[in-house]
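Structures for review follow.
Common to both upcoming complexes is chain A, partnered first by chain B, then by chain C.
Moving on to the complex of A and B:
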C-alpha cells in the first residue's frame, strides 16, 4: 500500500451502496454492521443507510457503550458482540433427521436446508484471521464440515482496515490487525479528512476486482493511498492492550497448578459468554430429539462451551467439574494447546471476551499474571512433563 | 407395534399439586397441539386440574407441582412417592420451595397472626421446602413457570427411556445463540442470567430487561462474583437481596448468598 496502483480505487458511500446493490442483485444475502439493542451487531443490510453511520463504541472489561461521532464514518468503531461465525458456523443447525414410515422402515433426510450465499461487509483484520482459524478447524483436517465449507466458499468478503481501536483490542500482539492481511475480496480503508467519508478500495480476488470495476470508480490518488496507510499506522499507535506471546504455550503448560487459576475462578461466572462471543471458539454439542410417537427424530448441532459441565460429561461423570479447571482449559487451549492442535494461536486479539465478560475478566491480564508467577517459579516447567 | 399393543402398554401419568399457583400444571394443558399425542403415548390417570375421572395408582410417572408447607402435605408426598415408579418435580415451588419460601427467612407465626383473623386454625410448617427435601426425586424441571417445551421433552424422554435434554448451563448461552446483546455489558442493567439455569429461552433480556432468575441457580453458580458485579453497577444491597429472594429464594446457593449480603 506504499503507492497508488491501478488496483486501488477511490470510493464514496454512494459507491458502497452500489456495491451492496450489485451483490444483492447477484443473489447474495448481504450482512453487515448495524445498530440494534445498544450495540453494533451483524445483520442483513439493504444499503449504507443500515450501517452505523456516525456511531462509535467505548469498550472496557465488562463494558460496552455506544456514542455518537462528530463525523459520518460508516466504520468508525471496533468489533461488537457478534462475529461472522454466526453465519459460517450457525448457533443451531439441523444436521439430519429421520422419519419412521408406517411399515417401520427408517427414512433419513440429509442435512441442512439450502444455505444462503453471504456477502460480509466490514470484516476486520482480526475477524479475517478468525475466519482463517475456523477454516483450519472445520476444513483444514482430513474431515471437512460440509456445511461450513459451503458457506465459506460462497462468501464474498468486503474487509475494512480499522481506523479506530477499542481499549480491549490487542490485534497487534496477535499479528492479526488492524490492517487486513489476506483472504478478502475487497478491502476498504475509510478516510475521514473531508466532510464526506472516502474509501480507498483494493481487490484481492478477480471477483472482487470485477465488482470494483462495475462501480466505475476512479483510481485512488497517491495522496489517498498514503492517507490510507496512515489510517492504519494511527490505529496501530492507539492500541494499548498487549499480550506477550513469547513462549506462551510452554509458559501455560508449566502453569497448570498456579494459584492464579483459583483467583480467576473466584471471579469467573462460568457463564459461557467469552466462548460464545469468541470468533474462533468452535465447540458444539449434538442433540438428538424425538417426538412422542418415536416416529420422527432430529439431530441438531448447537454452540456449546467448555464452560458448561455437561460438555465434558462422559460415562462416569464430568471431566472438568470446577470453574478453575474449566477456565484453565479455555485459556490454555486458546493461547497454548491450540498451537499444537492447529498450528496457530486460537486468539486473534479482538478483545470480545474481555468486553463481553459480565464481570470483566481480561484474558491478557490473566496471561500476564500467570507469566509473572511462572517466571518467579520456573521449576514447574519440569513438573509439566 | 400395533395401536392395540400401544394402548395396553401405555404408562400411567399422575399430576399432583402441593403449595403452588397451578401455573406449571397449566403449562401441560398449554400443550394444545401435542395433547392428543401425549394421550396417545401415556394414560392421564390422575390430573384433577384437567379431569375429574381418577384411575387408581400405582403410577408410572408422577409430575409434582408445589412445595411442602403443611404437616399434611409432608405425609401426602410420602404416599405419592410410594405409589410412583418415577417422580419428576415441576416448577420453582417443587424444586426450590417457591415464592412462599420467603417465610423461611422470617417467623411464620408472626405472619399468621397478622394475616388471619383466627390464626389458631392455621396448621402450617415453619418453612416451605422443595419436594427433594422429603422424598427421592428422579428429575427436577425448573422454572416459574416451567417451559412447556421442556415439559414435553421430559415426557418424551420418559416414553423413550432416555435422559431429558434439559441443559443446566446459564441463560447467557440462550442469549448468545440467538444473538441477543448482553444487557449487563451494553446497558449496565443488572441481570441474573449468568447464574441462572437456561430453559426459558432468555425471554427478559430479549426485551432489554435483566433476568429475574425464574429457573433458579445454574450449575455451580458463582454468587459472590455476580453480587459484586450488581453492586458495581449501582444496585443497592437490598436490591441484590430482593433479586435472590423471589421464586427460588430457598434454593441453597441463593439463600446463602442473600443471607450473606443482608448481614453485611
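Moving on to the complex of A and C:
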C-alpha cells in the first residue's frame, strides 16, 4: 500500500461528511459504526456525527465494554458484535414466494424485491478478509447465491486501517490485518497527532478514485504518508493474541477424539453466540409460511448455527447430539475443514467469538490446547521413535 | 487477490427457486411408502443421473431431499419414492395425479455405473435404500455391452416391507441380475432368508477382487456391509455408499449436510468408501 503514495490524499472529518453525502446522493444506503445499547454496532448513518467519535472498546474473553478516549477519533476501536455480513447475507431473507391458483397450479417467484445498494464506512482488514471468505462460500462454488452476489457487486467499501486493536484481536496470526489488504474502494488511516483527526486516504478502484477526486482534497504530505504507515506498525506491535496455524488442518483432523472436546463442552453453553457474531459463519435454515387461505406462501432463510440441536436432525435422531460434537464441528470447520472446502481458513482473527462468548471460551486457547495434546499424544511419540 | 475473483457470473435457474411440476401418477408401494411420477409443468424433459436427488417442495409445508428412483416409461417424467416419516414426506405421500408441487434439482453426483463396465456390480441395499440405487441397477442391466454380472442383495424389515417386488422378480426371472433378498422378521408364508443383508452375501458368487459395490441403506447397515465387503477383498475405492444428512438447500450453501470437509449434497451423496472411511467411524461428526 505504500507504493500508492502518489495517489494518497489528506482528508478531514468534513471531507468524510462530503463523501457520505455524495454516496447518499448517488443512491447508496450508507452504513457504518455507531453507538447503540452500549456497543458499537453497524447501522445506517447520515454523517460523521453518527460515528462513535471519541469512543473505544475494551474487549476480553466474555467481555466487551465501551469507554471514552481522550481524543476525537472516529475509528478508535476494534470490531463489535455486528459484521457486514448482516447486509450482504441478511439474517432473514425471502428466497421465493408461491401462489396457488384455484385449480391447484403453482406460480413460484424468486426472492426479495429490490436489493439495496450499500456503502460500508469503516471496514477493517479482518472484515474485508471475512467478506472475501464469504465471496468464496456464496459465489465461488458450483452453485451461487445470486442475492449475495448482487449485494456484493454493488457495495462500495470504505476501509480503515486499524489504529487500535482489542485484546481479543489476532488478525496478525491469520494474515488479515491490521492493514486492509485489498478489495476496498477507498482505505483510510486515521492520524491523531493533532486536535482534529486527519485521514490519509487512498483508492484501490477507479470508482473510489473518482469519489476522492470529487472531494477536492489535497495530496497527502510525505510525512503524513509515513505517519499512516507507522499507525499500522504500532497496531501490529500491540497485538498479543496468537493462533498457530501451522499444519492446523491436519492437527485438527488428527484430534477428533481428543479429551479437550469434553473439557470445552463442560464450559460451552451451546448458546450459538459465537456463530452469530462470526463474520464468516454462513449456515442457515429455511422456513415456510402461508396465509390463512393456504393460497400464498413464502420460503425464507434465517441464520442458523451448528450449535443448535436440530441442525443435524434426521428422522431417527440428531447426528451431533452433544455439545462436544457441536463445538468440535464449529472449531474444526472454522480452522480446518474450511481450508479443504474453500481454500482459505474460515477464521479471520477478529476475536468476536471470544468477546461475545458468555463464558469466555477463547478459540485461540482451545486450538493451542488441542495442539499441545496432539503433539504429546502417544501416536505422535510412537511415530517419532 | 482480486476481491471479486471468486465471484463467477451466471446462475442456473431451478437451483435456488423451485420449478412447478405436476404429478402424472401416484401409487402406493408399501403401507407407508408412495411413488410419485412427476413431470415439469412446462413440458420440458427432465434429466438425471442415477443416484441424484431432487428437493421436493410442498407449498406451506417445506422442501426435502428425495432420490430419483426411476424414469417414467416414456422418459418424460421422474419417479420419486417417498416414505412417510414427517410433515413434508406425509404430504408428498398424500398426492394424487394432477396435483402440483415444486422441484429443485436434480442435485448431487451419481453412482459411477461406468466404473462397473467390465466388472461385477454388487448392490447391497436395505429398506428404502433400494430406491436411490434402482436407476443404477437399471442402467447397468440396460447396458448390453457390459462385461460383468449384476448381483442385488436386498434386505428389509419384513416381507411386506420389500420395495419394488415387481422389479426384483423381473430382474431375477429374466436373468439380467442375480437377486437375493432377506428380511429381519419373517411373516406367515415367507420362505426366504431371515437375517441381516450381510448374512446372505455368500448366496451368490462374484469376483470380489475386482467387483464394484454400491451400498445404500441405514448407516449402521452400510457400515456392516462395508466391513464385510472389505474382508472379502473388495478394494475401498470400489465400494460406493450413498449418505444421508439433514439438508436445507441441496446446493452447498446452508451448511447442514457437512460431514467433516464434505458437503453431502454437492460432493455426494455418493462417495467411495476410501474417501470417507475416517469420517464415518467418528461418532457425531
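The definition used in the following text is that the second predicted complex is superposed on the first by the 372 of 385 C-alpha atoms of A that agree within 3 Å, B and C clash if a C-alpha of one lies under 4 Å from a C-alpha of the other, contacts with A are read in each partner's own complex, and residues count from 1 in each chain.
Following the convention adopted for this analysis, a contact is a pair of C-beta atoms (placed from the backbone, for glycine too) under 8 Å apart; a residue touches a chain by one contact, two chains touch by 3 or more.
Since the model is a prediction, treat every value here as computed from it, not as a measurement.
A.B. asks: Going by the contact rule stated at the top, is it chain B or chain C that touches a larger number of residues on chain A?
C.D. replies: Comparing chain B with chain C, the partner touching more chain A residues is C.
A.B. asks: Does the superposition put A:266 against chain B (first), chain C (second), both, or neither?
C.D. replies: First partner only, chain B.
A.B. asks: Once the shared chain is lined up, is A:294 touching chain B (first), chain C (second), both, or neither of them?
C.D. replies: both
A.B. asks: Which holds for A:137: it touches chain B only (first), chain C only (second), both, or neither?
C.D. replies: second
A.B. asks: By the touch definition at the top of the document, which applies to A:345: first (chain B), second (chain C), both, or neither?
C.D. replies: neither
A.B. asks: Please indicate which partner A:277 is in contact with in the superposed arrangement: first for chain B, second for chain C, both, or neither.
C.D. replies: The answer is first: A:277 touches chain B but not chain C.
A.B. asks: Given the touch rule stated above, what does A:324 touch, chain B (first), chain C (second), both, or neither?
C.D. replies: second
A.B. asks: For A:183, using the defined touch cut-off, is the partner it touches chain B, chain C, both, or neither? Pick first, second, both or neither.
C.D. replies: After superposing on A, A:183 lies in contact with chain C but is clear of chain B.
A.B. asks: Pick one for A:82: touches chain B only (first), chain C only (second), both, or neither.
C.D. replies: In the superposition, A:82 contacts chain B only.
A.B. asks: For chain A, which residues belong to both interfaces, chain B and chain C?
C.D. replies: On chain A, the overlap between the chain B and chain C contacts is residues 287, 290, 294, 304, 322.
A.B. asks: Given the complex with chain A, which residues does chain C contribute to the contact?
C.D. replies: These residues of chain C touch chain A: 1-8, 11-12, 15-20, 41, 57, 59-63, 85-86, 98-102, 244-246, 248-249, 251-256, 258, 260-261, 263, 266, 278, 282-285.
A.B. asks: Would you pull the chain A residues touching chain C in the complex into a rising list?
C.D. replies: 95-96, 98, 100, 104-111, 128, 131-132, 135-146, 149, 152-153, 182-184, 253, 256-257, 282-288, 290, 294, 297, 299, 301, 304, 306, 311-315, 319-322, 324-325, 328-329, 332-333, 336-337, 340-341
A.B. asks: Can you list the chain A residues touching chain B in their complex?
C.D. replies: 36-39, 41, 62-66, 81-82, 86, 91-92, 266-273, 276-277, 287, 289-294, 302-305, 307-310, 322-323, 355-359
A.B. asks: Write out the stretch or stretches of chain B touching chain A in their complex.
C.D. replies: Answer in residue numbers: 34, 37-38, 40-41, 152-153, 155-156, 159-160, 165, 167-170, 172-173, 176-182, 184-188, 191, 193-195, 208, 218-222, 224-226, 228-229.
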